[in-house]
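Input: a single structure, listed below in structure tokens.
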């Protein structure tokens, strides 16, 4: 019950970067009130102990993970947990009548076997994989209206898919030619410490990792296959950039027919007409990651090459906003039938 | 004239970091509408040409600097110009009936001779130096109500003064013992290119500059002298940190009498009671710059040392928000008689 | 004349990053003595004025650019000048009997018309384009022995070519399938200031630039075409990473036949046997840029993908060492008939 | 026994940053051969597994910690271990007839009680505290000749003491007025992972830590007291800078008498005459950390202030070279009666 008339939201995984960003962004939402910030590992502790930047911003104590208790306090739950945790938690939350936006990745793949192959642990029950709506807002937004359960896309897939889908759907690029070279700020690796992201090892360094093995590969292929109407397999490389926020995916594909940069700009602007969070740059201009930092934008630009017959597509997002917390709120807006921009009007922080 | 009923604001210097931050922050203000973004150097050009992150956020064309034209479009002007420019521009804006919040530094010193000694060019007319209210909100906020002309404090002085004033006013620290070791992110040097802030020179580097010569020294001393009731002279060093945003001032002073960290915390919390943008940390805890990044907070912490009889005070702000654009909006709120937090509820961006 | 019996070296362009790195590296060379550091823009000034790190390391005064004067003081000249300057300077130096290692790029392309198309200014006389030996040491090293004039490879081409040549020469990859996604530290953009590499703009940012337009494209294609025996055209993208040093090229190609990562490791280790500056990683392991920082190494690793039939090759260098000054010294060693490692035994600086 | 005639060196703690830097620097030493790299935690593993940058540089397998075994393979041992480990290890190494340069900090304080107060664990036996020569080369270098056991100074004390001693010894600064504001690159925190130095937390951040509590305080005071001939107590603050290498100490002291910047430059240049690793800048010029990066230099500059009667002294070093491994080799050179510069001629890596 709420005295404000606002939708009451709980955040599970409030001590990860996705959870903390939900807290930041939701401060600006006129129709949502955070009523519980939840952490299995730090329950009982004041949140500002681990996150002093939140001093005076939200309630002091972290709650534990208990579906019934959550249901008594909230109408909607964002589950920003590690992979494998949501798989166990979400069925109970749905059963308790809560709306769920899951950021964990556990419910993105429709095929449990594929999940187990890439994620290396047991898949959630198939009924939930089927029920979950894949919340790539600018592509499948209309499917979100009124549903109870959204699976929020991964950070890399968001930048990648928004950059590829219009051209693929139009039949302008060869489905079997797609190569995705992705680069991410280090916050994408989460808050768990490791030598890989130890400051002195990662600073002034550029690293490739999980080449051809990243769990976002089947997620990307599942959607591209859906769009293309034929099986699409991609080459996908991930790199860590010595910065905190931001993803750029540089994508390569063979063109079918002749299409200028101007043609591509028009195709994409038409495709994304009315969707303010995708901004398509002028012909010959590509975006940099800082141009969307702290905001829910995905910016896209093109370079074609007559010499090779290929197009290079550059897509950037803030991995924690459009790649996680921001798109999750956008999805909730769509579930509720609100404007998708509600509470998300954050201008990029520049410089 | 405005159809929205909102206060119409113009920003002079819209292509500097302070001006661009005003644009970002004002997007969230319910009672202010930006009606003109002005740049003498780039008039006529679309603002997103130089700042692609603003694509779709504000009007496309930059206006030129003309007082009459500004007055026809706006009720209030933020002048975020280089030093020396505001000195010439502001009298005309005030004469045209506009409210002015000046971020340039030209009107902070009450003594024109001192201005010329530190700024190395002619001072503005004395009448304007007298008229300008020094807008350190948490200290002089009540002076801002209803006035037409505010001089917004410098970035270093803001962090420094908020960190020193309660102890100095209470007579707990020796006025002649104050040493201020200040560190700033590189955005504080502005958008003008130079070898000093060339990426390859500044990255992985830590530099001291303008030791004992920074023009913020007389500004700090003017206020501390006012508070102490005796002439205060400080030692002040500025450094550049290889990061974009944030200022930390580490301040040293000899204690008068015995005061524990707990005492200091209580003194400061009392002093800043009801002022939400100053957050005083628990005893023994000091803030880091990222904990206020993107927000209007100034966070303060203490360490006392019985061995030396000195206190170390650590104060952090985001130099472009609380140190410039954020405090300017806070000042406008106070001028208008609004809540000082209006439109400034930005949670720090973390990580 | 030299009293030490060492080879006397002059460096033209001593105030650029390539020139300054030559000064650093040559301090450790037992058989070379720097007798003149030359800068057209700063002649007469002490070098430590612009580069305080060189205080006490080399002579104080910069010399002007004069071929006769250089010839009176030096036996060999490194020309680390902007493109277009070497084109005019080198003929005179060669005529004066000096050995020349040119780092400018002016003499890398054999075809003057192609030079003008990509570099956008007039090509050097064709005789010099023909005379210049392209000094990719591990591939064309034997051609360097005894010659007077070496054109030192570009930074991107060095990392790219060393990573592609063994597989291409072996016929294991499809020549028309090559896509090169290159990332460079910002020092690669040189010491000239611009908004592009202004600290506050480039820090916490990742940018693509000159897509399909970089002047290193024809250089790469010229060599790959030579190796493949057929015209090779590549897709090539360059990005700036918010770090100072380092290049990674992530390269994609379709495999001809089945080749495991182990096969590739063996192929490359055989190809580079006896060449200590190329280090091939274990199967499944790819290098990061910091692992070669400050050194002359090029490290290479592989990931194959049975799903797509493509191989991903990762190659890293320090852009200022192996990509410029280090390889230039390696070339001089080969010209003189010395061990190629002479004076280049720098262990990577880590972390 | 060695066939090369070189001094045989073992490095205990070869998987920390100090140990790894010893490996790098010793590659350039003409009279020392590394015969054993030792790690208690990783014994048996190839060193390049954890440090791929060392591929092909040193022996592959890490040895375990055994005094007798070390003595059979080496003449000298560098102990770059965590505090508390050397305390137990060094007595056995000395007993086995080895020369020891200890980088751990365990033998720097002469007073065991003070050690326990600041280090929070038991002190080494007093005989060893007495025996250890404190190896601040430019001040106590003559004490090192011929001894078997050197305690290598801490990183912060090295920068601090070299910056203060000449003025203190000359009686130009007030001993009770010294305030040291120190800033360090993050490598100073070592290779152990923690949230404090997690990339996403430390990047774009500036942090103060251990204010008035750092274990380097008694080390600094012990030496300053020795120099001044009276008890000196200092205020000392440490900060972490978002960069990997480098320390700057900004030091404040009240002047006794009038001394210009020129006077100070002369005083320091006289004091450090013949000591090439201290470089004193021109009057009014202060050094930045990058100007010594990768090298054994300590650069010093001054700013005096007639308004306050204080001097500001800025001192910079590379924390891992002059602040650890470089000074350790310099000490070994002095122990052996060699030139102190032997094998240490590394020009700073710039940019």
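To keep things simple, chains are lettered A, B, C and D as they appear, and every chain counts its residues starting from 1.
The rule is simple: contacts are C-beta pairs under 8 Å (C-beta built on N, C-alpha and C of every residue); 3 or more make two chains touch, one makes a residue touch a chain.
Just so we're clear, the structure is a prediction, and the values are computed from it rather than from any experiment.
Peer 1: If you tally the C-beta contacts, which comes out ahead, A-C or A-B?
Peer 2: If we tally the contacting C-beta pairs, A-C comes out ahead.
Peer 1: Which chain is most remote from chain B in terms of Cα centres?
Peer 2: Looking at centroid distances, C is the chain farthest away.
Peer 1: Between chain A and chain C, what is the gap in Å from one C-alpha centre to the other?
Peer 2: Taking the average C-alpha coordinate of chain A and of chain C, the gap between them is 39 Å.
Peer 1: List the centre-to-centre spacing of chain A and chain B in whole Å, with centres computed as mean CA coordinates.
Peer 2: 35
Peer 1: Please output the residue numbers of chain B that touch at least 2 other chains, ranges allowed.
Peer 2: Touching at least two other chains: 17, 185, 187, 200-201, 203-204, 242-245, 288, 290, 293, 351.
Peer 1: Which bits of chain D are touching chain B when the two form their complex?
Peer 2: Residue positions touching the partner: 179, 181, 183, 185, 200-201, 203-208, 211-212, 233-235, 237, 239, 241-246, 248, 250, 252, 286, 288-290, 293, 303-305, 307-308, 310, 312, 314, 316, 351.
Peer 1: Report the residues of chain B in contact with chain C in the complex, numbered from low to high.
Peer 2: 17, 185-187, 189, 191, 193-195, 197-204, 242-244
Peer 1: What does chain B use to touch chain A in their complex?
Peer 2: 17, 20, 23-24, 27-28, 51-57, 187, 203-204, 244-245, 276, 279, 281, 285, 287-288, 290-295, 299, 345, 347-351
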